[in-house]
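In what follows, subunit A forms one complex with subunit B and a second complex with subunit C.
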Partner chain A sequence: MDGKRWGHIISRGLEYVLTFFLILAINFFLPRVMPGGPLLSILGSQSSDLPVVIDEETKYKLMDYYHLNDPLHVQFIHYLMDAAHLDFGYSIFYNVPVVDIILGRLPWTFLLMGTALVVSTFFGIWLGLESAWNRGNKLDNLLLVIMPTLRSVPAFFLGALMIFLLGYKMGLFPVSGAVTPYMDYGGIADRIKDILSHLILPMFCLAAFEMPGTYLLVRNVCVQQLERPYVLMATARGLKDRSIKKHVLINSIVPAVNQIAAMLGFMVAGAVFVETVFAYPGMGMLVYNSFIERDYPLLQGAFIFMSLCVLACNYAADIICSYIDGRTGQE
Partner chain B sequence: MQVLKIQGLTVDFSTKAGIHHVLKNVDLSIGKGEIVGLIGESGSGKSTLAMTVLDLNSRNRIVSGSIRFMDEELMTLDKEKIRKIRGSHIGFVPQSSMNALNPLMRVKRQFVETIKSHTDMPLQQMVELIARTLAMVSIDPARGDSFFYEFSGGQRQRLMIALSMLLSPELIIADEPTTALDATVQSKIIDLLKNMVLQKHTSMLVISHDLHTISRVCDRIYIMYAGKIVETGTREEILTRPRHPYTQKLLSSRLSLMAEPVKVNGIPGNPPSVLKEYFGCSFLERCDRASLVCKTEKPPECIGNVKVACHFEGES
Partner chain C sequence: MQQNGRMISIFFSIFIISSLFFLPAAASETGTDEQETVLKASWGSSGGDWGFPSPLTFYPRGPGYIMTSYCFDALVWPNETGDMIGLLASSWKSSEDGLEWTFQLREGVTWHDGEPFSANDVAFTYDYIKGKASISPIGSGWYNTEIIESVEALDDHTVRIKLNRPYAPFMQQVAAVVPIMPEHIWKNVSDPSKYMEKDASIGTGPFILEDYDKDQQSYKYSANENYFLGKPVIDTLIYVKTSDPVISLKTGEIDQSSLTLDQVKALNDSDNLKVINGPGYWVYRLRFNIPSNNILNNTDVRKAIYYSLDCEDIESRVLHGGGVAGNPGYVPPYSSWYNPDVAQYTYDIETANKMLDDAGYQNKDMDGIRLDAAGKKLEFQLLYTSDQQSQRLAELIQSYLKGVGIGVVLKPGDMKTVDGLVGAGNFDLAIYSHGTSTDPARMLNSFSTSTGWNSTEFTALAEEQMGTMDENQRKALVAQMQVLIADNVPTIPIMYRNVYSACNQEKLDGFFYTPGGVGGGVPTEYNKLVFIYGTSGGNSENLGNSTGNTADSMGIFGNIAILVCAFALKTRKQQ
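Showing the complex of A and B:
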């Protein structure tokens, strides 16, 4: 049984490696099938405002220097080798290695998205289970109205509202950034407090964006599970409500975990809005800014890191599920 | 003392389609050590009776009458007290045992959990009790660490029997315990149930649509039709001298195991709708002996000394 599980985990891992390879390939080939060339986008064409005039020989030398005259497959191999060394080139805007910028931003995104994910998953599962358990009565009906409404409010609007009410009017939380600039911290506790107070608003905003999906999914799965014979039998053998809920939850958690992992991509998209609204220095804002500034190397690097994170989370979800449900991968 | 005494039990369910009259003025009693069969076709209300005793169907239910278990009125008990009775004093063997346990939790853990919900017992003692009970249904106690889906259909049913008897309840309710099984396993399960009842000194209510399979182990039998008890008697009375036309037809619809094709004498027609109120006899449309009186008057109720709910009882 354990051998089977390891076989399953390894084969899933290989699938993710393949997926990641495809993402790298798309990331490499997509810009190369677009019109224009790298020099054009950096130096501007003859028709742009400030054309940089260079002769053909310099152009060729430059292209040669960047290996852009090599055949595509050779370029692709170079690209893969560089990617393996975490070398994604230099940012056009900041003129520093892409990977350095990204590594500086990643911790903030992990902090924001991680806490939002934990909060939204916890409340989504809890409310979903209670809603299904009390299906048809007031609590359930109320949540069934509130949750989709919350989902339909755009994250940037909710964020702006929170900034205005909680940040500006009431002055409860700082309105932007991840830390107070140029602040002298009395100690580590002060530093943590400062980071947390900056985290709360964007975190709740992102969690509010994510939670309704989890809630609706868990509620539906739990309603289905509650009709199962094992639930009736659990009641018939005199288990307490708490224990029965536990049984239902264990059986609902596998689709829920899978779905949450699959929805991570949308959360990344949500993070772009939320981080921009709160000026939170994470990957989302990085993507937004580098898009505005047409900083293609940075944009590509950010995409690769984000897809890597989403894939890793999905893989983690697969592994968790195979431990919860022993039948996974046995058929 | 009667272990279970049901009097005048009437159960309706209100749905969007209207009120469903499922059980109508049912009287049923089970004495200590008795095995009582409740026989009827699909939709006659047998399972509803079992569910109502255990209070498993309270959604949209309208109920009246009395259910006394060990001289305690169940209808007025609060939820927590009913919960404590379920599983420890009344064991339940479900209709479909195929998915009757959580597939993601090891079987032994679910047995332990059942004991823990009712009594405080040291772990060692629990493990011994479970091993002993599993051995009684011929399942290797070592397999307790498996998952439920890793057992065969017959084994799952035996597991459910073991689970229902775990805390030596005074009453076992077995709802169609053999329906999902093939013929050879069926008779084994029936014999096992009987043995367990004898060994554990308990009583049992067996619910089935299959008069011929179940009757073998029953002391007394109730025949149910359209939410009413139409005939009751000892096994001999029912099997050798059936008096209600419905019981007679049930007995003659026996399918014998023969190689050549045989014609089965079924019962023509369908059971009546639970949505309608009937003024006459509810078996009227399917009965050979029906006459004018069956249409206009309700037959006697199967209560007290009345054993047959038919107008012609005592005439022939």
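Showing the complex of A and C:
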């Protein structure tokens, strides 16, 4: 049994390695087949009159400097070698190592997405369980209206609304950025307060968007569980509601856990809309901007980080599931 | 389990209560020193990160150069009227043929690190930038060092620049643009585009860079107390990224910002903000595929298209009055090079129809779209970038052209896709919007490449005006170029957008738009002279406001806490 499980884990691992290689390849070739080249962003748009028109020789030298004149397969091999050393080169637009830029943004992304995920999961599960328990009641009906509505309001609209009401009209929170630039912090506590106050609006905005998914999932599974005979049995035996809820929740939490594992992976990708609305320095905006500028090295670096994260989370989920539920390990 | 559940609720309550104490202080602003004047500015919605502010590392866009110009000075600089005043140079003269320029340099100037500035630094800078052009995109794109033959320091405070050909806009486009860099720092730097150490921002400018934060997209400069024109009127200059400049201005998060007209309209008078506007030198134009589209390379068809567009109406519907309608001669009317006596194409459907009929497209299909001799529809694809203004503009052009029987298929894309397709010649019509330089040497000399229109007569005029040192003679040549453009309609300039900005006048008053722009033609209110000659109203930090915030946020958090507790209690009771 145990040997079988290990075999399963290893074979899954190999599958993930293959997937990762394919991602690397796609990642490399995709930007190169799109119209528009990186030199356009360096020299400015050709429609613009502002930059001095540079001659072909300088252009060629520039292309050479960035190794853009090499044949594609040579570029690809270089790329794989460097990727193995975590060297994704210099960003064409920002002119600093790609890894530095990404590492600068990751903490903010993790902070924003992570807290939003925790909050949305907590409330999603709690409200889902309560709603299922009280199915058909006022509370349930109310939540069933509110949740899909929240989900269907675009996140950027909700964000803009929050900025206007809470940020501007009431003046409760700062409206953009992740910190107040160049504030004199009295101490570490001040710093944390500042970061938190910047975090709250975008975090709740994201959480409001993510929560309905978890809520609906948990509610549906719980409703099914509550119909089971063991619940009737437990009630008949006079168990307290709390205990019954506990059993129901444990039996129905597996899909929610899976969903959270999947969301964890995507966390690295950031949330373009929310980050843009709140000018939050996360990965989503970084990727979006480097796409606009056709900054190949940065785009590729960011995608690699994201795919690594998604794959790792899926792999971890696979392993955990094979331990929780013996059936997944055996085929 | 019961224990667990209780633990969770206790934990949660603690979280809520602690946030009560936590948050209020966060809303309050920094208690800066009483005497300190801090100006917080923002580039508006256009972005916040413009690269490390050193001559060869900023992003090659106007704002990037401006951020650099705070730390580095050029030899000369345009003032409020657009005339050149000396920064590092105190006087200058040129030889008759315009090939030799001698600059007398200001004495007693020091770099931010205290080292003395001398003519050697000037000679070094020009050589260095010219030498690094091939590995530094900014060097080759922003500073026109190609025309420089040699630069020589005659003595400690005299420098002579020789050009390889006469270049009329030398002062505006080179001497007022190239930032002088300290030799003692840069002589050992081999790759300046990657050199971003602390001393890479040491210049002679009015501000000293304190910090540049790529992740938060913010800059902090402090005043250079020893600046040779006098100490700046503000002590600290901060640039931040903001998601919505209007709200940030109203809440006082920032004091100054560049805006669009729509944003200006959203400000009300009570906000104590002074709004200024200026020429934007930003054109929206319709580009034709002249080389490879055999319908559009017919000048009469292009003229007919021009007649069928009501540029005034388009301007008012797209920019809502925040711009001026296009001029067939391409040079915007507010430019000192503008020639009003060119062919005009005022909106006239009948002329347009007649010209199209004469060109051989008199038959129409059932939808009213014209057909060519072979019975093919007269229909074009219109490429445009999918921003709000271009989108609106594209729709208007579509409906105007439909009026004269020309079909238009809209094809939006992002900027690089549009550029790529146009570069490959794979389009019919395209909407382009971009900055046009303020000097004809830049504005019109690349005109052939940016329109696909080749006229030997035009190119010859362009070459000639660039080497003509006499201003009036040069103006006549530029006027002639505009006549040629208007006669041939190689592109249709639909409108020019104005620029707007607002500033809290208590913080700093005196912003202006420099005629002709700064740094070779960047139309911006951030001419660094404003920080020297502007007036700063004072240092009253608005403390009352932030205490108000504190009380408010206390309230709301209390409310949330009570609500949550009530909810928790209620659900428990039901059991």
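The criterion applied here is as follows: the second predicted complex is superposed on the first by the 235 of 331 C-alpha atoms of A that agree within 3 Å, B and C clash if a C-alpha of one lies under 4 Å from a C-alpha of the other, contacts with A are read in each partner's own complex, and residues count from 1 in each chain.
We take it that a contact is a pair of C-beta atoms (placed from the backbone, for glycine too) under 8 Å apart; a residue touches a chain by one contact, two chains touch by 3 or more.
Quick caveat: nothing in here was measured; it's all calculated off a predicted structure.
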First, second, both or neither for A:N251, with subunit B first and subunit C second:
first
Quick one: classify A:P154 as touching subunit B (first), subunit C (second), both or neither.
neither
What is the contact status of A:W108 with respect to subunit B (first) and subunit C (second): first, second, both, or neither?
second
Between subunit B (first) and subunit C (second), which does A:L232 come into contact with in this model arrangement: first, second, both, or neither?
first
Examine A:G13 and indicate which partner it touches, taking first as subunit B and second as subunit C; both and neither are also allowed.
neither
Once the shared chain is lined up, is A:K240 touching subunit B (first), subunit C (second), both, or neither of them?
both
When both partners are placed on the shared chain, which of subunit B and subunit C touches more of subunit A
C
Footprint intersection on subunit A (subunit B / subunit C) at 240, 243
In their complex, what parts of subunit A are in touch with subunit C?
34-37, 40-54, 58, 61-62, 65, 90, 93-96, 101, 104-105, 108, 130, 134, 163-164, 167-168, 170-184, 190, 192-194, 196-197, 200, 240-243, 246, 276-279, 281, 291-294
Would you mind writing out the residues of subunit B in touch with subunit A in their complex?
54, 56, 83-88, 91-92, 94, 96, 98-105, 113-114, 117-118, 147, 149, 160, 163-164
Mind listing the subunit A positions that touch subunit B in their complex?
228-230, 232-240, 243, 247, 250-251, 324-327
Which of the residues in subunit C come into contact with subunit A in the complex?
1-2, 5, 19, 22-23, 25-27, 29-32, 48-49, 51-52, 57, 59-62, 133-135, 137, 140-142, 144, 146, 193-194, 196, 210-211, 213-218, 220, 236, 238, 240-244, 247-248, 250-251, 253, 287, 414-417, 419-424, 432, 434-437, 442-447, 449-450, 521, 545, 548-549, 552-553, 556, 571, 574-575
